[in-house]
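When the chains are written out, they are named A, B, C and D in that same order, and each has its own residue count from 1.
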Amino acid sequence: MMVDLGDYAVPVISAYISSIVILTVLIWASLSRSAKVKRELEEFESKRKSNG
Amino acid sequence: MSEKRSLWEYANPRKFMGLSGTLLPWVAISGGALLLIGLIWGFFFTPDDYRQGSTVKIIYLHVPSALMAINAWFMMLVASLIWLIRRHHVSALAARAAAPVGVAMTVIALVTGAIWGQPMWGTWWVWDPRLTSFLILFLFYLGYIALWSAIENDDTAADLTSVLAIVGSVFAVLSRYAVNFWNQGLHQGASLSMDKEENVADIFYYPLLVAIAAFILIFVALVLLRTRTEIRARQLRAYMARERMQ
Amino acid sequence: MVLKVSDLAVSRGGVLVLEGLNFTLKRGNALILRGPNGSGKTTLLRTLAGLQPAVAGRIEAEQDDIAFATHSDGLKPTLTVRENLTFWAHIFGSNHIDEAVDAFALQSLLNRSAGALSAGQKRRLGLARLMISGRPLWILDEPTVSLDKESVARFAETVKLHLSKGGAALLATHIDLGFEADVFDVSPFKAKPTDLPFLDEVML
Amino acid sequence: MIALLDRDIKLAIRAGGGFGLGLAFFLIVVVLVPFSVGPKSDLLAIIAPGILWLGALLACLLSLDRIFALDYEDGSLDLLATSPLPMEAIVSIKALAHFLTTAVPLVLATPLFGVMLNLPAEGFVWVMISLAVGTPALSVIGTFGAALTVGLKRGGLLLSILVLPLYVPTLIFGAEVARRGTLGMDIQTPLLMLAGITFATIALLPFASAAVIRINLR
C-alpha cells in the first residue's frame, strides 16, 4: 500500500522523517537522562543506608 | 477521605512523584497511539489538496508542533508565575523540564514549515512573518535554557528564569506584532497558507484533530517524565550539598 | 537596642547553615562573631544587612541604620580617594568627608587615585566609608584583613569612638581588637542536616 | 542619584573604553560593510539606514556586560544595595549612564558614518531621530540582560543570547523609521511604536532589573 505523492514526494516524506527523528531524539534523551538520574539517586540512597 | 483536598497538594514533590508515576504510562501510551493513528490516517487516507498537492499532508506535523511550541512557552510562563507567587519547587522544575520539549516542537514547526515552503515559494527560507516569529521564539527558548544551565543555585536559577519568562513573553508578543508590521509589503500575503481555515476542509480536519491531541498528550508525557527527572536530580544535588558540608 | 535577632536561620546556596540564633546588640556595644571559616558568618552578616532573606526567625533592626562593609571595599581604582569618599557621602546624603579622613589618616592620600594605594590604605579608605554613611549600626565582615598592626589599632580606636557616640558594631573577625566587646560563637548553631533534604523539606 | 550617574560617567571616561569601545565597533561595522557587499553607491544608499541601526545595536550589545560587572566584582553593588538608594533607581541610573556613554556618541557619530555609506541627504535626520528615540530602549533592555547575568563567569555570551530576541522589536521599528524616512515615506506608525517601546521599557523594565539584581546578590 503506497500513496501517490506526486511531485511532492520528497518534501512530504522528508518532513515526516525529520519530524519523527526530532521527536525520537527528544524522547530518547528524556528517557536516558531519566534512567541515569534515577540510577544515581538509588545508588546514593543505598550507599547512605549501608553507612547508617 | 472527607478532609478537603486542594489541587496544590500535588505541588508537594512527594505527592507529585506518586501521581505522575501513575499517570505517566497512560498518557504516554495514549499519546503514542493517537500519534500513530493521526499520522497514518493523515498520510495514507487523506486526498491531496487541489492547489498544494500532497504537501498538504505536512499540516499533520506542522500545525500540532507549532501549536505546542507556543503552548509550551505559555505553560512555562504559568509555571514561572506559580513559582514566583507560591514558591512550589515542582512548578519551577516543570518549567525547566518543558523548555527542551518546547525547543523540539519549535524546531519541528520550523523544519516542516521550511520543507513545505520550498516547493510553494521556491526557496527553503522566506522571512514570512509566521516563520520569523517562530525563529524568534526559538531564540527565546535558547536563552531560557542557557540561563537555567548557567546558574548553579537552583532557587536563584528558578527565580531568574521565571522573570525572564515573564519579560520574554511580553517581548515575544511585541515581536509578533513587529514582525507582521515589518513584513507587510515586502512579501505578498501568502496565497497559500497552511493555517488558513478555508484550506482545512473536514477531510483534513479530523486527522488533524487527532494529531493535535497526540502532540498534546506526548507533550504532557514528556513534561511529566522530565519533571520527575528534575525532581530526582534536585534531590541528588541536595544530598551532595549536604555531603560536602559534613 | 539597635539589633535583636530571634530564632534566626540562614541559608547559603539553598543549604541551611545556621539556625536557632538569638542575640541582641545594644547602642554603645560591639558584638564579635567567631567561628571557623565556612561556618556561615558572612551569610549571617549578609542576611542581617538585608541582602538575602532569612529562612526563619526575626531580625528587628531598622534597615536604614545599617552600614555594611564586605571583604571588598567597593573602590574605583581610576577615581581619587577624595572622589571615592565624596561619592559615598552623596549616596548617603551628606557632604562631609573630613571627619572620616582624619580618623583614618587619609589627608595625604586625598588626591591619589585609589588604584595606586597599598592594600592596607585601600582597606582604611573602605572603612572610612562607614563613618561617612552616618549610620549607627556597623556590620563588618573581616574588617582587619590586610591591615598592619598600626592600622588595626587605629581601626579599633575608630570603632571605640563610634561606640562612645552611641553607635553599635557587629564584626566577624579572628583577631583580638583590644576593646571590650561581647563574643558570640556561631559554631553551636550549625544547622543539623535533615534526613531527606529536598523531597521532605519542601512541603506545602 | 546624580552622584551615581556622575561617578559612572567619570569611570567610563577614565577607563578610556567607555566612549571609545562602542564607537570603535560602530566604525568597524561601517567600514567593513562596503568591503563585504561591494562599493556600489546605489546599493549602499539602500542599505545604509539598516546598517547604521545594526552597527549601533551591536555597539550597544558589546558594552552591556560592563554595566554591572565591575561594580559586582569590587563589591560596590553590595554596598549600593544596602545604601538609601532604591534598587530601581540604581538600575535606572545605570541604564541612563550606559545610554549617555555609549548610545549618545553613536547618535552623534551617525552623520559621519552616514556619509561613508552614501546615505541619501533626507536620511540623516531620520536615522538620527530614530536612533535617539530607540537607543534608550536598547540601554534599558540591555541593563535587564546585564542584571540577569551579573556574577556569572562567561556571562558575556549568555548576555548576548538573552538580549538578542529582546532587541528584535526595537530594531524592527527603529530601522523601519530610518528606512521610510530615507525614502520619504510615512513614518508615523513605526515612530510611534518605537517611542512606545522606549517609554514602556523605561517605565516598567527597571522593576524587573531591580528584582533580578536582588536575586543575584543573595
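Definition applied: a residue touches a chain if its C-beta (ideal position, glycine included) is under 8 Å from a C-beta of that chain, and two chains touch if they have at least 3 such contacts.
Bear in mind that the values here come from a model prediction, so they are computed numbers and not experimental data.
For the pairs B-C and C-D, the count of C-beta pairs in contact is higher at C-D.
Chain centres here are means of the Cα atoms, and by that rule the chain farthest away from chain A is C.
Here the spacing of chain B and chain C, counted between their Cα centres, is 48 Å.
Taking each chain's centre as the average of its CA atoms, chain A and chain C sit 52 Å apart. Averaged C-alpha coordinates put the centre of chain C at 37 Å from the centre of chain D.
Annotation: 16 Å between the Cα-based centres of chain A and chain B.
The multi-chain contact residues of chain A, meaning those touching 2 or more other chains, do not exist; every residue touches at most one other chain. Chain B has residues 235, 239 in contact with two or more other chains. Shared contact sites, meaning residues of chain C that touch two or more other chains, are absent.
Screening every pair of chains for touch gives A-B, B-C, B-D, C-D.
Within the complex, the chain B residues that touch chain A are 39, 43-44, 48, 53-55, 57-58, 61-62, 65, 100-101, 104, 107-108, 111-112, 115-116, 118-119, 218, 222, 225-226, 228-229, 232-233, 235-236, 239.
Of all the residues in chain C, the ones that touch chain D in their complex are 46, 49-53, 63-64, 66-76, 78-79, 83, 86-88, 90-93, 129, 133. Of all residues in chain D, only 2-4, 6-7, 10-11, 14-15, 71, 73-76, 78-85, 217-218 touch chain C in the complex they form. Those residues of chain B lying in contact with chain C across their complex are 8-9, 11-14, 17, 89, 152-155, 231, 234-235, 238-239, 241-242, 245-246.
Taken in their complex, chain C has these residues touching chain B: 13-15, 17, 193, 196-204.
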